[in-house]
Each structure stands twice: as structure tokens, then as C-alpha cells.
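Look at the two complexes coming up: chain A is in both, with chain B in one and chain C in the other.
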Partner chain A sequence: MIRPDAREKLSGEAVYGTDLAVERMLYGAFVPSPVPNGVVRRLDLGPARRVPGVVAAVGPDELDRLCPKHDLERPLFPKVAVSYYGQPLAAVAAESPAAARAAVRAVVLEVDAAPPLVDVEELYPAWPEASARGDARTVAHVLARDGDLVEAFARADLVHEETYRTSGVHQVAIEPHACVAEVADGRWSVTTTTQTPFGVREDVSDLLGIPPEKVVVTGTWVGGGFGGKGSSFLEPYALLLAAAAGRPVRLALSYREEFQLGRTTLPMVVRLETAVRDGAITGRRVRLLLDSGASLPGRDFATGYAIAFLLGPYRVGAFEMEGYAIRTNKPPFGPHRAPLAPQCAFALESHTDSLARRLGIDPVEFRLRHVWREGDTTPLGLRVGPFGLAEALERARALRDRWRADGSGSGRGLGVACGFWSTGTGAGGEARLRLGPEGLAIVEGEREIGSGSVVGGLVDVAVRVTGLPPTAVRVVYENTATAPYDTGVFGSRTVGALGQAVAKAAASLVRTLADRLGSRAPVSLEVKGGRVVVVSGRLRRSLEALLTPEERRAGGLVATGKHYGRSGPIDERRVVDGTFYGYQDFTATVALAEVAVDKETGQVSATRVAEFLDVGVALNPALVTAQVEGGVAMGLGTALTEEMLWRDDGRLGNPGLLDYRVPTITEVPPLTVELLEGHKGAGPFGAKGVGEPPIIPVPAAVANALADATGARVTELPLSPERVARALKPL
Partner chain B sequence: MGFELLRPATVPQAVALASAAAPGELAVLAGGTDLLLDVDRGLVAPRRVLSLARLPWHSHRWAKGGLTVGSAEPLRNLELDPRLARRLPGLHDAIRAVGSVALRERATLGGNVVRAAPASDLLPILLAYDAVVDVVGPEGRRSVALDALLARSREPALGHGELVASVAIPTTADSVYRWQRVRPANDVSQVGVAVVRSTERPYWRVALGGVPSRPLRLHDVERELARARPTREELGRAAAVAGASAPFVSDKRASEPYRRRVVALLLTRSVEQLLARATPKAG
Partner chain C sequence: MARARRGLEVNGHRRSLDGVPDDERLLDTLRGRWRLTGTKEGCRSGGCGACTVLVEGRPTLSCLTLSSEVEGSAVTTIEGIASDAVGRVVRTAFEREGALQCGYCTPGFVLALVGLLKERGARVASETLVEELSGNLCRCTGYVSIRRAAEAAREALG
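Showing the complex of A and B:
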């Protein structure tokens, strides 16, 4: 297929955030904290303002003055306490980037440094005592339990106990964050590369204390999001500078800053204890120690959502799960494709594999005995709907056995791992369709971020409902002042949630046209000679003839649709502390990896990978397959090479793409993608979200293949050569 | 951050421009894949950049005794010459270890010599070949052994106004370059080992990259490998010496003990590979 956005992107017509330039635009820059932890003694912006070409300099005082109702809990600039290296303490806007840099250097800044906390295990070498819940560094604590775990452990034939550690990983969108802001006539306008224009509007409104109707956000084409553009970042700073300068201000990160300031997935420690009796799991305790950086977005979302991935898509009997998120001196935590699920799956699926091997049971067979099936209830009391995990596992086992037979040689190993995800997050949205004589327009505020869910997925939904050819359906982007509200392109929700709003609007259009045609039977739409024709049996009328004069003047017939999903209710009796999140619309995924291992150097290479994804219905198999391929490639990076290396002094040691290693095409082996249809989800036509799930099982499958090849269980990501070499033979 | 780009068309003009610059004022551009990263990061801030692009140094030629490579010749041109893998297989290995195809379209052998990076993948094999560098400057031309030219990291022993014109690489019986990295493609080698085999004494020449502050010849390892066909024990001792003797450090790319282990391993594998290639398969 040819992607609908291919021409604009390949020709260079597509304008991304980093391409933005407007007349009289100034260049913004942050005044970064020189220390990761400490206290600001003095901040004097006067000398910066005197640098030639500087138009504005803003710090905490200007924030108070220009935005008197700004959020005092989350100020843009700290007044006193610095939380991470490079944290913006002030910002400047100047006629040129060079003048802005000179102004940053001219700022008089005195900061008393304090020792940073970089590693959560430095604070808690063992598990935190209960008193840690009240500690200033604890930003979230969650605890849930059910059943008699003490009994399960006491009566177990075997208790399998392991600790796993994962690394910080960056989203590495090709396009860094960038925006242009302007404040004029009481309107706070920002054009930005984002997954969520309406989310940015809400954030800006909250952070700056400006009524949302005065904030207008316009999305650009997005050069990759992966969660990194899922909330506001630079926009409120750019708006504050623009308000101070009275001119448009561009604020954009260099790739180095993208690493140093990026809100990324941070390291975590997972402790797992599983009780087994008669070959079946009877109890499990999971404990999660999460590095939250300077703060956790969305309250304790990361902890309360992620931790349930550690119980797995398995029946575990009695359980207890407890998680702490600990504040460290790093930039705030941020989501990365399927936030924390690949990390949790690495821990859980490695653990499941090593447990099965210890029991002498085939790891796939062991999983099949425990996986959720439709109608099961999860540990948090949610009902499992149509769910393709067992089928995916069966298929993976069959392919694994074929690969085993066709000659994995010496040093090769095969590993299987499961993942699951909830693609109906409950985040809702609205759609507006406009059907004119030449075709259908889907009016949207959010932009295509590269996955194809907007230019492909939403279009496919409209095509299926109306019968129009894809070439007659286009997406029209408007800003938040005029576009219908939607929460954004994240959480694998675009097709599943917003797609339902599109389907409802399209169905409403079709019903209206049937009425006007006087047809009791459903109508469908065709294009003849470039004009839309309404068809019902032998009845055919041009659309034009069915429009009112007002509709013709307005460009067509307009219909709207809304979809606000519900999260499944969790069983609150099982919750002891904190907030857990209801999943719904489960999707399943299984990865099979074959690796070659150099047992001396520790080099692990994936030689072939297969992934089996429960998609409900594949509305656009080419785009879905591309999502799986991209997810596998990204997962191989998490598995083998990607790692943010913080030094003891709180600075990132590898802020660039040379030493933060994403896979290149030569590290991505031949991939097999199998899409499982039939376990229908809640999305349009039974579709389930597919953006995030594919990455989830990949690191675990690679780790299990490594264990299969060598007998060594490496318990820390990434499985880089030196780490593997040490596991095989201590240095 | 801006600089003036100088693009002389003749060697005397280039030498005159290089000689006229004040110390630190001028940087030489021969591809720019390394230099421009440093400029971008503000590590160097040359006011003038002298490009070699228009000089007649954009070629390589084979002669009976070896290969001469003009200092502005892109690595990709060497890689695509089918004679390279046959006559200097170790250099072919090393070139293919540098960055990506796109990067090798710009990166040059001369640039690698002058930038003198400790982790260069090209310098170890050039050291093992006993490559000779042809230098041109205000005092005329001179030839200097690469080993003598490499002083400290990023500071080759060139006189004021001197430019590297070409590098001469003598052919030899066989050679190999092996490296270890976290990511196979487009990464900086944690260590690199170059081994050259000769049909006469000394039979083996060995060099190492990934150590501060410059790639090194491992003469003590070469002494252990005295014979044309070292025994397993002699090779084991040589590997142990290689692992023990070089000045490894721990940094963000690898720990010192890992580097020691891998260097010994790569040396062993390299020598075994060359011995296997030297022995025609029976039957």
C-alpha cells in the first residue's frame, strides 16, 4: 500500500514542529541548573537582558507577574530547590540562537549543591520499611492483595524468588520537541509537535492559570511520539516567553537536550516470589521499586498501572503486590511505548521461564496452564473479554518447534514470552465528519504521529461504514479552538476509541442520507467522475442533489459522533493503598526470538523473531504489520543495547545517539508477523489497539532465548555484551 | 559557532593557508565526520576550516609494494575496490567497521590519521601494517612512520602548517582486524585488535585500539608470537600478555577487566583465523 501521507512527507511539504518559523520570531533557550540537587541562592537575569539581541528573560518572578494564577504546586521554574541537572531555572528569548546562548551564559546564578540521589537502591538496598510511605522521597505507594498468601507459601512445594532490574530508556523520536508560541489579543497560541493538542491546552491552562478557552493549540506533523510527546513540555515555557517578549518565540530542544531533559522511562527493580504446588502457581508476591525522577506524571499512574503487569496474564491464586515510586534527581518520569510493560514483562516472563525450567516443564506448556482465557477474572477483579493469548502461545510453540528442528546450531537459543495490554483506556473523544460532493473530510485536532492510526485507521473506519474508497476520505486538521475534542494519539486508543466516534458519525451520515433518499434499506456511497453518489439497491442519486442549500454553502453535510469509554471496575476490596487502574479490552501478544550468542564476548544477536498479535480485527493489515515490525525493532533496542547511563554526579553520561544505541537496520533480523483475528475487541468492527503491544514481550523473549542458549539467566536489562559475559563467566 | 570555509585548489595554496593561521585558529577538513561533531558540541571552535576537497588527494593507487591512499579519499571508494579485500583484508575489515555506508562516503583515511582518535578502527591496522604517512608543509615533503606521528589523543605530531597528503600501506601476506562493540553497526569499538602476518621475520605484528591515549603496537605480544606457526601454548601466552599489558581503563563503554578479556580473545581468534587461512585445506 501507499501511505496516505507519503507524498506530503517525501516531498517535504509536511511541516513538522522543528520546521516552524514565523515572522518576527525570537529564539528561546533555557537557563539550566548546573547541579542535579541543591538550592538556588541567587538568580539575576539583569545581565542577560543587557546582552545585545535579547528581548525577554523570565524566571520565577516573571511567572508570578505574567501568570498570577499559575499552578503553585508545579511551577515552571523552581524558586528554591533544584531537582535535576539541567532543570530550567529561567528562560530567555533573543533575536538569534547565538544571542540566546550568550544571554544564558550572562545570567548570574548561585546554587548550593547537595549530593544527588541517582540510584533508588542506594536509598533502599533492601525493600523499604513501612515507614518509607511517609518519606519525602516517596511519591507513590500502592498495595493490593487477595487470598491467603502466607498459607500458599507455607504449603508450597517450591517458592521461586528472583530480582530483576531494568534500565532507563528514551523514546528517540527522530524529531525533537519544538514549538512556536505567541500571545496576542488575550489569546495564548502555540503551534507544536504533540500527540495531544487538547492535552497541551489543558496542561497550559493548569500550569499558567489561563482559562482554557483563551489557549489555542495547533498541531504540526509529528516526527514520532512513542509517548514522549504525550503531554505538554516546552509549550508553557514558550508561551511565558512570548507573553514577556510580545513577539512569537520558538523553543526547541537540540538532540543533546532531548536526552538531558527528556521525560523518559526510568530504571526499576522488581522482586518476584512465586509459590508452586503440584506444578501449579498457588501464590505470588511482587514488589516494584520505581525510579520516578523528579516527579511522576498523572499521580501514581506509572506505579498503579504498571504493577499489575507483574502478576501477568496468569491465574496466580493468592497474591500481594506492592510498589513504591521514589523521587530521584533525574528529569521527571515519562511514558515510553507501552509504559513499563516491556520492563515488567522482562521480569515476569524471565521469572516464568526460569520457574518452568526449574520444574522441568516446557515454558510454553507451563504458561498455557495458567494464562487467562475469556471469562476469567483478573487478580484485580476485572473480567477478561475475548482474548487471544492461548492461541498466540500455541502458534508460537509450533513455530518454535519448527525453528528448533530446522537447525538452530551451537550457540543459538529460542525463547518465548507473553505480553498483554489494555487498549481501551477510557479516554474519550469526539469526531466531526463533513461529507461534500467531492468526498468525506474527518475533522481532527490531533495529528498523525507516524503510526498511521489517523491517516490510515480513522480513514479505514469511515471507509468501512460509508463504502467510499479511501482516496475519497481525507483528514482535515484544525486547532483546538474549532476541532472536536479528543484526548490524543496515545495508549493505542486512536482507532479503538476515537475510531468509534468516527464510526458513529459516519453511521449518522448514512442514516440521514437514507432518509433523504427515501430508502428503508441502508445506503452506501460511491464516487463516480469525482462526485459522491448515494446508492441504495437500484436507487442512485448524486450527493449534491440531497444537500440543502445551507449544506452546499457550508461544504457539505456534517455529522458528529462521541465515544467516552468506561474503564472496567476493579474490585476495591483488594486495594489496601494507592490507586490502581481498570483495564479493559485486553489484547495479547507473544514473541518468539532466536538468538546467537558469543559465549566469550557476551554478544547476543537476534537472528530471527516472530510475533503473534491478537488484533481483534485488522482494519488495515499493512499498517498493523508495520506497527508490529516497529515494535519488535524497538523492543530489540530495549533488550540488547539501549540504556541511559547516569553518572554518580547526576549527569547523563550518554546524552546522544552515539552512546545511546538504538538498533540500526542491520541489527533487526528477519521478522515473522502473524495477526490473530477473531477475539474481537470493543473498537470499531472488533478492532483492538496495536501501537503499543508489539514491543511488550520482545525483551523477555530475547532474555529467554539467551537462557536457552547458555543456561545463564541475565536479570538486568539491557543484555549488553559485557553484562552477558559477566553472567557467563565472572570477570 | 560559524567559521570561514577555505577550499584551496592547489597544494601550495593549502600549505600557505595552513601556515598563515595562528595556532588553534584553523582546522583541517577531510570529510568532517569526526571534526564537525566536535564543532557542533563546542569542543573546538575554529575560526577557519581548511577543506581538502579540491586538492588532488582524492584517489588511491596500487603499486607493487602496496597501496597509497590520498588523504581526502573517502573510505567507501577503498571499500568498493575489489583488490582491497584480497591484498589488505585487515584494512577492508577495519573500513567496514567504520560507521555506516553513508558515513563512509564522506569519512577519509587521512582524516582518521589526523584526528588520531584512541578508539579509531583504522589506526590499529595501519599501525600493524607499518604504514608511512606522507606529509607536506612549508619546509617541503617528508615521510614519517604512523607510529611516530601518533602522539596524544587528537594531537598528531605535525608541524605548523603541515598537512597529511597520503598514507602508504605496504602489502603483506595476510591481515585481519577484529573489534568488539555493544551494537555491531555504527558504534564505537570497546577494543579493536589488528594482526598482520608476514612470510618473513617478524612474522606477526599486532596493534590495539580502544586504549588511552592512542592506538598502540603491542611489541611484547609480537615477541611472544616469534614463530611463523606459534603453538597453542605460545598463542595462549601472547593472548595473556595482550590482556595484561595494555593500559586499559574503565569508561562508559566498557570496564577494564572486560577489555582485557576481550583483547586476549580477539588476539587468539585473529591469529587462529590467519593460521587457518595460511594452511590450504587438505584434500
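Showing the complex of A and C:
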């Protein structure tokens, strides 16, 4: 199969956000905060406006003036308090990038610096042994419990207690953020590289206080998203500049800014305490301390769902889970491929492994005794549907034993880890299909971000329902003014949720055609000589003959479909505080990693990796496999090299690819991918989302392989040579 | 002041460098001035390889190259790859092996591979192929399909 977008991308014709240029376009730039924490005493944009070539400069006052109804709780520019280094305090637009840079330098800025909070543990020196307590820096607190944990701990043969730490990691989409905005005739238009055109429309509307119908968002090809392009970022700033300048404005981030301002995964600390009796888990307490950067109270989305990953896809008996999200002087926390799940899985699956080893039980066998199976109930009271975790574990065990037997040699180790994910995110969408004499168009607002879920997945769904060949189905992109609403490409939901809408629309097309053909049996569509033919048994008619004159004029028969999923009802009796999420439609993933360890330097390298993914049904095995390959590679980066290094002064010490190291082609070892079908999900034809799950178990599998090779348990990500060498040093 | 220059031959067409400042990067000349946006802008500091083009047949990071430095040279970008025999082979291999997702790294990989295969020929060892592509980052594919495409292109030329 050739990807439908391959030709355009291989010819250089595909236009991404960074490629946009229009007549009379100006270049925007941010005026960054020189400190991570402090108070703005003076901001004078006058000198910047006098720099030759500068057309507009905007700060808090211009925001008030141009957008009087803007969101006061989340102003684009802080009036007084600065929250992180590099935070935009104002912005300029000029005839050239050089003039914009000169204007930024000319701004008169006086800021009183205050000491930044960089490390969450500084705030709670006694944590995690003593509970944290909420204060002004707490943006979220969650607490849930069930069963008699005191009793479970008192009667345990063994209580296994560990603390794990993980670092900030960046999405590193190769394409930086970029957009071009224009405000004219009361229309606020922005063309941008985004996973969520409608999400950007909503954000812009809220942040600037402009009615949504006046905001028009057009997507471009997206050069990698991974969550980093999942909500508005540059767009409202570019629009404000365009409104002030009366001309189109391009705003783009440099890589340095990508790193410094990136809304991404931030560090966390996890405490796990597990009680065991007669070889079975009888109780677990987990505590999570999450750095949420400059997130605002009530806007933390992560804590309540991340913490559930720490109980795992396991039956744990009595439990208590408590989490805090703490406001620090970093950019706000943001989503990044399966947000926090790889980090939580690292903690939990390392813990599970070390517990099994302590008990003298095979770690896979120990997991199999506890994993959820279909029909089980999760700690928050949700029912587990078809779930392939046990099967994936069995397969991983078999392959592990084969790899072990083929004598991988000294210094090598093998590790297994589980991950799980929910793809029934509840985020809905609508589809519009237009069937013309030459083929079917799927009309969409959101663009393909690379995974293939739009150009491949949605097409596959339409193909399965209609019988058309893939070459007769194409995706047509429109802007948010005319495209059907959808929440966007994120959360591994595109095929699962929007795909359902496409399936419903396609089914309604097929029904309409059956009626018109006068057939009681279902019809299917074929293409003969470039024309669509409607077929039912021996009945065959050209589509053209079945269209009304109006439909012929409009380019075809149109059908729409909607799918608004629901998240499951959680058992609120178990919730003491905060918001938890009703996961459902679980998907499972298991990774097996083999590593080689240089005991002198502490250097760990993955020598082969296998992943087993519960996909429900693989609508397009090639695209699904490609998601696994990409997710595993990204997971190896999280495991071994990727780490954002904030210095005590609140600045990022490694804002570039030379010091923030993502895997290169030489660092990704041979991969084995097995797709497990049969545990059907809630998506079309039983498909489950596949974009995010593959990354989840990888760091943990590598850590477990490292422990297998050396006996040393490294409790902090990434497993850098220094940390590994330290763990290997004889005490 | 920019002086009169010999210009560049881009994808077989002569392009003037008159008025191009001495310190303008080839990446910006190609993309900004000539709107050849198939060459991708990533890190602008030599770390990602997205901006790779061929200068006199050699893979070159256009973000670290000044246009003035290479005046008089032949430059090949992704837009010109279809008129090159090796380029067509590589492009077909990428298509068939599905060696792209978002596609942002793709022009850089294609140019790097074309340059390598032209220089080393079809007998280049797999390890060399991989080693030579290690300056190009891809965040989507995990490189599995890119490796396959590189090997398929090499076989097709053999």
C-alpha cells in the first residue's frame, strides 16, 4: 500500500506551517521574560516601535484595547507576575525577522526577580514519607481510596516500598510551531500547523474574547505533533499582532524557543507501597507529586488520570492514591504522546519487577496472576471490556524465553513491562462524506499529522463500509468555517471516535443508495472505468443515474455522521477529592527489551526490542505497525537519553538537539512487532486506538532489562550513564 | 554591500544571487527568496538534517551553509529529485516502504541517501548506509521503514 500523502510529501509540494508565506506578511517575535519568577515593574514598547521596519508592538495594554473581552484569568501577557523564563511579556511585528529581533532588544523592561521554584521536592522536603499539604502552589489535589488498607498492610508478609523519579521530556516534533494570521473584515483567520483546528478556534475565542464564528482556522500539513500541537499556542498572539498591524503576521518558534517555551512532560516523583500476602498483592498506596509548571489551578488535566496508571492494570485489593500537582516556574505542563503514562509505567513496572524478584517469582508470572481480565472492575469501579493484556504477556514471555535460550551473552539482560491506555476519550466528532460519480470525499477540518489516522485510518473505515477501493476515497480539507466539527487528532481517538462518525455517514450513504436502487439487500460500491457503480446482487447501476439533479450539481450525494463517545461512570464513593477520569475501552501493550550494559561507563544500549499491542482489529496493519515502530523509538529516547535539564536559576540548560538527545537511526535496534487481534474495542469494526500505547511500556522494559543484566535497580529516568554507573558502584 | 555573484544552478536552472547578503544562509535563500519550501527548516543549527540538500552532489546542511560560500555550485533540492535517476529510485523506495509519516524529515533523508548512493554506489554496506544517515533525525518512524527504503534503493541500483 502506498500512503496517499507520500507523493505530495516526496515531491516537496506539501505545505507545512513553517512554509506559509503571504503577500505583505510581517514577522512576529516575542519579548521574553528575562527571569523565571518576578514582577514586571516597567514595560515600555515605545522604543521598539521606533525601530525601522517595525509595524506593531503589543503588550497587556494593547490586549485590553484590541480584545476588551479577553480572558482575564489567562491573559496572553502577564500584567505583573512572571511565571517562567522566556514567558512572552509582549510581542512585535516587523518587515523582516531581523527588524523584529532589533525591536525585541529595544523594549525597555524592568523586572524584579524572585527566587524560582524549580524542583517540586524542595517545597516538600519530607515528602513522600509525609504527605504533602496543599498551599498556594497546589493546582490540583486528588485522593481516592477503597478497602481497608491499614488492615492489608498490618497483615502483609511483606510491604515493598520504593520511590521513583522521572524527568521532563520534550515532544521534539521536527517541524517547529508556526502560523500566519490575518484580521480583516471582522474575521480572525489563522493558518497553522495544528492537531486540533477546532480546538484552536475555541481557545482563540476564549483567550481573545471573540465569538467563535468570527474565528477561522485552517490547518496545514503537520510536521509531527505528539501532543505538542494539540491546543493553541502561537495562534492568539499572531492574531493579536495582525489585529494591531492591520497586516498578516507570521509567528514561528526557533528550536531554542521550542525547548524553552515547550508545553510538555515535566518531572514527577512517585511513591509506591505494595502489601503482599501469600504471593498476592493485597493492598497498595501510591503518591504522586507532579510538576505542572505554570499551570493554573483548575486547569491541571493530568493528575487525576495519571495517578490511576500507578495502580496499574492490576487487581491490587485495598488501595489509596493521592496526587498533587504543583505550580513551578516552568512553562505549563502539556500533553506528550500518552501524557505521563510512560513515566508512570516506568515507576509501576519497575516496582512490580523488583517486587516479583524479591518474592522469587518470575516477573511475568507475577503480573499474570494480577492483571485485569475482561469482566474485572478497575479500582475506580469501571468494567474492563475485551482486553488483550494477559495474551500479550504470554506472548512476551514466550519470546523472552526464546531470546534467553538463544544465548544473548554476558552483560545482556531481558526485561518485560506492561502498559495500558484508554482510547474511549469521550471526545466527539462529526463527519461529512460526499459521494460523487468519481469517488468518495471525506470532508475534514483536521489535517494528517503523520500517523496515517486521517489519510489512512478514516479512508480504511469508509472502504470497509462502502466496498470502494482505497484509491477512490480521498480526504478533502476545509477550514473550520465549513468543515464538520471534530475535536482533533489526539488521544489515539481519530479512528476510534471520528472513524465511528465516518462509518455512520458511510452506512447512511449505502442505505440511501439501496433505497434508490430498490434493493432490500445491502449494496456495495465499485469503480468501473473511473466511475462509481452501485451493486446489489445482480443489480448494477451507475451512481450518476441514482443522483438527483441537485446532487449532480453539488458534486454528489452528501451524508453526515456523528459520534460523541462517553467516558465511563466511575464509582464516586471511592473519590475523596479531585477529579478522576472514567477510562474505558482499554488497550494493552507489552514490551520486551534486551539491553547491553557497559559496566565501566554505565552506558546502556537496547540491542533488540519486541512489542505486543492489543489493537482490537488492525484496520491497516502497515500503518499500525509503523505507529509501534515510532512509539518504541520515542520510548527508547525517554528511557535512555532524553532529559530537560533545568538549572537552579530556572533556565533550561539544554535547549537544543545537541544536548537534548533524541534517538538517531544508529540507536534504534531491530524491532519485532506483534499485533494482537480479537479483543475488540469500541472503534469501527472493533478497532482500538494505536498512536499512543506503543511508547508506554518501553522505558520500564529497558529498566527491567538493565536490572536483569546487572542486578541494579535505577529508580530515575532517563537511565543515563551517570545514574547507571552510580547504581553499579559497590557500596 | 552584496556584490555581483556567479549565482547558483538549482535543480538545473540558473538562479541569480544578486542582492543576497553575504551572511544569508542557503536554507533561507532557497525557502525565503525562491520559495523552494520542499527543503525543510528544523533546528537551524546542524542538529536535525531536515534542511539537507546536495551541493555539487554532496549532502550538505543548508542551514549551516552560506549562499555566498557556494556560489557557482550546482544545488539539488527535493523539488529537483524527480529529474535524477537515483533520485527517482530513492523516491520510489520511500513510497513503497512507507518510509515517511509526517514527512517533515523526508526531503532531508531522501537527499542524504541520494548523495550517499551516488558517491558510494550500490555496493555500499548496510552499516555505512545507516552510519551516514545518522545526522538526520526522524521522530515518527523509528527509522525502521527508512532503513528498509535505503536498502531497497541500494538493491534497485545494484
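Everything that follows uses one rule, which is that the second predicted complex is superposed on the first by the 719 of 731 C-alpha atoms of A that agree within 3 Å, B and C clash if a C-alpha of one lies under 4 Å from a C-alpha of the other, contacts with A are read in each partner's own complex, and residues count from 1 in each chain.
The working rule: a residue touches a chain if its C-beta (ideal position, glycine included) is under 8 Å from a C-beta of that chain, and two chains touch if they have at least 3 such contacts.
All of these numbers come straight from a predicted model, not from anything done at the bench.
Return the chain, chain B or chain C, that is in touch with more residues of chain A.
C
Which partner does A:G496 reach: the first (chain B), the second (chain C), both, or neither?
Touch partners of A:G496: none, neither chain B nor chain C.
Please work out whether A:P32 is in contact with chain B alone, chain C alone, both, or neither, and reply first, second, both or neither.
A:P32: touches no partner chain.
For A:T641, select first, second, both or neither according to whether it touches chain B, chain C, the two together, or no partner.
first
Given the touch rule stated above, what does A:D19 touch, chain B (first), chain C (second), both, or neither?
A:D19 sits against chain C, while chain B stays out of touch.
Looking at the overlay, what does A:I174 touch: chain B (first), chain C (second), both, or neither?
After superposing on A, A:I174 lies in contact with chain C but is clear of chain B.
Please indicate which partner A:T666 is in contact with in the superposed arrangement: first for chain B, second for chain C, both, or neither.
In the superposition, A:T666 touches chain B and chain C alike.
Looking at the overlay, does A:L658 come into contact with chain B only (first), chain C only (second), both, or neither?
A:L658: touches chain B and chain C.
Name the residues of chain A shared by its contacts with chain B and its contacts with chain C.
Residues common to the chain A contacts of chain C and of chain B are 658, 664, 666, listed in rising order.
What part of chain A is in contact with chain B in the complex they form?
Its residues touching chain B are 98, 256, 600-601, 603, 605, 640-641, 645, 653-654, 658-659, 661, 663-664, 666-667, 720-722, 725-726, 731.
Within the complex, which stretch of chain A touches chain C?
Within the complex, chain A contacts chain C at residues 1-3, 5-7, 9-16, 18-19, 21, 171-176, 221-226, 254-255, 448-452, 622-623, 626, 629-634, 656-658, 662, 664-666, 668, 671.
Per the contact definition, I'd like the list of chain C residues that touch chain A in the complex.
For chain C paired with chain A, touching residues are 31-32, 35-45, 47-48, 50, 77-79, 81-82, 91, 94-96, 98, 100-107, 110, 130-131, 133-147.
Would you pull the chain B residues touching chain A in the complex into a rising list?
1, 41, 100, 180-188, 190, 252-255, 257-258, 261-262, 265
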